[in-house]
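So, here's a batch of structures to check.
Two complexes, one shared chain (chain A), two partners (chain B, chain C).
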Partner chain A sequence: VSDGGEKALQEFLSEAQEIIEAFNRDLLALDEGRAAGRFDPEVINEAFRAVHSLKGLSGLFGVTRMTNLSHNLENLLDSLRLGRIELGPDTLDLLFEAVALFNRIVGETAGGSGDSTGLVEDFIERLDRVATKRAEVKEELPWGGFELDPSMLSVLTEYEEHRLRENIKAGRALYRIHAAFELMTIDKGLDQLKSKLKPVGEVITYLPSAESANEQQIELDIVLGAAKSIEEVNAAVAGSGARVFALPKKAAAAVEAMPVVIAPPPPTLKMARDDEGELSLKSVAQTVRVDIRKLDHLMNIVGELAIAKAGFSAIYDAVKTDRAHKKLARALQHELKAFTRRLDEMQSGILEVRMVPLGQVFDKLSRVVRKISRDAGKEIRLVISGADTELDKLIVEELSDPLMHVIRNCIDHGIERPEVRLKAGKPEAGTIGISAEQRGNHVVITVEDDGAGLDEKRLVERAVERGLVDVAQSGEMSRRDIFNLIFLPGVSTKEVVDEMSGRGVGMDVVKTNIARLSGIIDVESEPGQGTRLTITLPITLAIIQALVVRAAGRTFAMPLNSVLESLRITRQDIATVERREVMTLRGQTLPLARLERLFALGRGEEAPAPPRQFVVVVGLAQHRIGLCVDELVGQQDIVIKPLGRALASVPGIAGATELGGKKTELVLDVAAIVEEAVAAPASSERVA
Partner chain B sequence: MARMPGDRVRVLVVEDSAAMRSFVTAALEQGGPFDVTTCGSGFEALRALPRAHFDLIITDINMPDINGLELVKFVRESERHRQTPLVLISTDSRAADRERGMKLGADAYLVKPFEPQQLLDIVSGVVKR
Partner chain C sequence: MSDRLELATEENFMRAVDAQKARPTRAVLTFVVGGETYGVDILSIREIIKLREVTEVPRTPAFLIGIITVRGAVIPVIDLRLRLKLPATPPTRAARILVVVREGEPFGLLVDAVSGVVRLAESEIETPPSTLAGGEGVFLAGIGRHRQGKRDRMVILLSLQQVVEFNAGGGG
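This part shows the complex of A and B:
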């Protein structure tokens, strides 16, 4: 494949993906509307358009099974929007299934393995069965007595004509709304007018007029169907400068089409344009699609610049103490400041580009909830908030699996069966809430259910059975410790192997996935009231802020997003419990670990730890430990580089970075260090 | 209007799918002396049409808000482009809409999906006319 071909294919795939996501959102809206007894023709039409676009696109790129699938779906959706068949739950299920199938084909086309041609054929067969159930096409009604301009009728698409008939059939009045828009701002102006019209009726079509009094304006007639009086429609568009006319009926005693509101368009609609009136013909689409790897590359360069900057800082530090170069030092400081500011702007600019809203994942989750809840025979209400919270694209991608498992757990184990809920005085439908919000450089995602809560006794039993905790230990565990047992392998896995959550996928996998993203996961639960999982994630992994520390004469960097706090302590603060160093932090016992012991760095017997030292509290998933270090050097942005082969297998080291002055320093793998400290409490003694 | 040999053909492509736009643009630019201007919506086209001359207009029918049919009517009623060749693009299932477009004064239509050569054949047909 040529480069251009590859690029075009990538463009196709990403556009297809966007369309499929939009299609999915339309289906969710339809599902919601159906449950509430509403039917929004606009949404069906959007779904139709989505599939229609997929068909055209996939045809161009020779993805035949996608073309076939969309062709058949298009027919079904066309029948739906033209009112030939009704939207029932079975039909909706089929449509949701199509989303999964589309995604599969996209995956295959992107280079994944597998061929879903057979699946598509089976699916089309089932589609046909639904489509053939269609009701006979109803007798076309005349125009209900309306005197409609043939030139208006000639530009209606089949669908628009159908909507016109539906509005007439429903006994609504038809209005023509005449508005003039500045050419430059027509999109915005029309959007405003549309949102005013939406509450009063349905926009059936737009008719641009070629004859305009003014070169800079476009005049437009909007045909509206509404069960409202002309006064009400007028009130709705008040202030927009639009004029409303009722479309006359033949039978009615010649209702004169009368302009009611005559006002010039408000001056705000006018926009500055250049003197010649020569407007740019460039596309107004303001977005470009970019391969994320290109952004990674840019980010790497920013990282290199940050290192260079640190180098300059070091030079400045050296120069500023030298009196002979006082002037030079001041100039250098000035430039360095300006450089730093621009570098920060550039970095946050690139980061911003990488951000995508979490809504992308949440949409997928809604689909899963729908399927699982039905399979499990439980009614679930999904409440989503904060879908516009943004995270690095790569993190969002990695989040869907763990979140999916969490939701499955909520439905399978959290939410009780309807009869059990009713008996407990709860509403029959269970509620799962997913929310996201940004807090500083982190995003906190909360998943909570109003189910039965965690069974603490059962959790402890299982952990003991599995030999993860001994009986004596289990007696001393705090509630928090007990809840955290669900993150140990084998504890959360249900005995009964059911289709969804029984494949040996437990919360331990969720924890591992979250930890891989440098995230922290916490669980709280109240018996009978529900369970809440809180996932805290860094906004990006592309460039990280690091805390630079010194221990045993070496410098290390650790990702700041794993660092919860750092404290200055004295030796008296450290106690030893079961040969293990711990300290008390706000009433809780915090296990301590020493870098020099973890990495067997000799401090020498004769040089004991200094009396005053620092503890950096780090967290991974639900665990927290304190790392003892000698000195906190400062914070710095770093780009982690992979290690050479010699060090690659050393646990506890994530990679290397340059901190300026061309010295390579090690970046700690906090996850591995915490794992090690927690898994084998006595291991820190091993190398001492 | 008489076209001189060697003239470049100014084409306006109206299509709401970015990938489709790229495809048509690439097919034209690689296939002949075409200068392509693209619009992502009917509105953009309304904006572009009165202030520049085009030798050919290619538009998708199924677009949100201003659809391709409305655009055909607009073009045919406009002072500047009432004679300009106009090609419609649609999918095979939308035969009814296509017929309406031809009635409104479109010169030819193309059914998606199509090969670059099909597009060029149709285009050279209507531009010579």
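This part shows the complex of A and C:
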């Protein structure tokens, strides 16, 4: 191959790849639209154009099988465009398969090896079968009751006729827009008018007007399908000189043929002075889009109010002991109660506004599953339940990446190849189940697959290879410990590193991200049966319950959702293993950590640790440790505030909060502390 | 009468404006740290507050003495004495925290006392002498000289950028 030819080939490849990507995006948009019950003809047209370009391009470079494939896809897309066949999940699957096939051909052309001609031929055969299966046109009422001019109908193209039917089916109104254009500038004039109409509806066709025209002008009738009122259409064409007429309907007859238009929820606010006519012009959606930061701000204010409330409570406590003010105290208590109740209502009201259904993430996941499974050559059935479970918007946002990694791991490492599955007596298609449910103040998300399960032996080998555990240690590990090795960096059960994901990096990231959301992740697996990941998350992060403790003369707050229990111990309860402090809790060894050591805090003048201490047992992800503190102050609702960019990277500190006394106190990042305590070998632990 | 009329002509007015433009002045807040007078552009200061209880944050450099909450926002406080490697002394009643904003992030700077505001023309600001460029000189943005009464005064202009730029996680 000459240099010039090589360069041209490269250009072909990159251009083809670009078009294939665009085609894939169109398909995803179609899939999404289909799921939402929408159908955008423009997207089909886009897809059609993409395939058409591929046909031309591949023809130019003599990649015959791509030309054939494109040609036959064109036919299918054309049938879709014209509504001859319906866009069902099977058809979409077929189209997505075409994307994979296109990519394969590009790969083959680039590497110069492999031949998918056979595959393409098979595929084309299947395409033909779908493309010839015409959808039955079932028409209860011609033209949905619209009185349409037969002379107009007779000149519509098949596509225009299809769009006309679709518009009627969608319950839109039809308008005739009459406009006159100068003969010389009709192209420009028509384009301008069309662009004005685009926001309000779909231009179905335009025809020369039956009305007489003068010699210098051409008069056109544009047929527009729109869900808007005639006033709005009129407003859209204002200034163009065009006139708008609503196409009349036969009375009564139409009612049944019309699909049900989803009624907006009844407006809760109704202005007294609005008459019916005016109301119809108002937007029907009674929703407001709000920047989440504004909600954070409101939440901050509620937090400040809660602090003020604590101040009032303190005043009440002071007053109630004073006999002289008994009456006053009772009145204060009464008001305080009412205030507290309202404040709680306000707090939960704002929290509720922040809640969004998890379905937002699940929808994204189903698209990803489609793509990854196709790339991995595995068939996957995705079963989703509990999509209406609600979580704080911020958590939902942060969840999509970790969940994506989890799903990728399921597909890449969990679900076996189809031939392996068949041999094992499982259905060819693997199943991934994602479910969510609320349990108290937590939401539990489970992701399970019916794949091969985790290979315990391999996990341990890998962890030993990487020096993450030593051989002696590995012998004593429980099954649970072994499964949890997948959360360590660099441990993976798959030998081949593929470009999509896998490499074990994913699960490491997942664990970190979940821990950052104050969540807990757990893994269970049964060889040959599958793997189940359970993610437990707090419903919100905005206001959290915290346990306030004192250690080394300082006050700290710990998010209560990471606290398992707290106990009182004495010196004698503490033993050491390899110089690390541990204690026995219900027959199990619990490693202990001290804040003053972790944070190198001086104890000042005070005596060493008091003989009686408290241990707060904290657990995150798979680990549990006991944190020794001097005093348990109590539980409190706190608003965590970030420390700002300059201090964002201080390990072990999640933020700060103002406690009742107006003093700023630190909130511990329990996840980071647990991790550090577990990771740090005894020798490197700093001694204050 | 004639003077006023002369001033009122457009030409004279424009000349006066040009003269003003040619000599733009900067308002600089001056304060004392370790016996030396420092200054920062007054526009970079959001407020000046009295010293209040600071909550120390572990694992941060020593000059970062902790955090305070001002109007609901958590602000790190830097002890300028320690930052400038001057000997530490306990703060007196005159001590203040200057709340400065750098790239949208507020910081508190603990100073011994606030002196006042001086106006400096660009011509009154020296670039820092090269001998001071190394070492502590990294915090220097320039040296301002101005007359106060009959005496020449010197103000060390701080580079806020350098003062607030540090790696919080790395320090002791």
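By definition in this document, the second predicted complex is superposed on the first by the 348 of 688 C-alpha atoms of A that agree within 3 Å, B and C clash if a C-alpha of one lies under 4 Å from a C-alpha of the other, contacts with A are read in each partner's own complex, and residues count from 1 in each chain.
The rule is simple: contacts are C-beta pairs under 8 Å (C-beta built on N, C-alpha and C of every residue); 3 or more make two chains touch, one makes a residue touch a chain.
This structure is a prediction, so every number in the text was calculated from the model and none was measured.
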Practice task
Applying the touch criterion given at the start, work out whether A:664 contacts chain B, chain C, both or neither, answering first, second, both or neither.
Solution key: second
Exercise for the section: Examine A:651 and indicate which partner it touches, taking first as chain B and second as chain C; both and neither are also allowed. Expected result: second
Exercise for the section: In the overlay, answer first, second, both or neither for which of chain B and chain C A:151 touches. Expected result: first
Exercise for the section: Please work out whether A:600 is in contact with chain B alone, chain C alone, both, or neither, and reply first, second, both or neither. Expected result: second
Exercise for the section: Could you let me know whether more residues of chain A are touched by chain B or by chain C? Expected result: B
Practice task
Figure out whether A:300 sits in contact with chain B (first) or chain C (second), or with both, or with neither.
Solution key: second
Practice task
Could you give the residue numbers on chain A that contact chain B in one complex and chain C in the other?
Solution key: none
Fill in the blank from the handout: chain A contacts chain B in the complex at 4, 8, 11-12, 15, 49, 52-53, 55-60, 67, 71, 74-75, 78, 151, 154-158, 160, 183-184, 186-187, 190, 205-211, 215, 218, 277-279, 281, 283-285
Exercise for the section: Spell out the part of chain A that touches chain C in their complex, as residue ranges. Expected result: 300, 304, 554, 598-601, 641-653, 655-656, 658, 663-666
Exercise for the section: Enumerate the contact residues on chain B facing chain A in the complex. Expected result: 16-20, 22-23, 26, 37-44, 46-48, 50-52, 61-62, 64-67, 69-75, 77-79, 91, 93-94, 96-97, 100, 103-104, 112-114
Problem - Parts of chain C lying in touch with chain A, wherever the complex brings them together - result: 53, 55-60, 64, 67-69, 72-76, 105-107, 164, 166-169
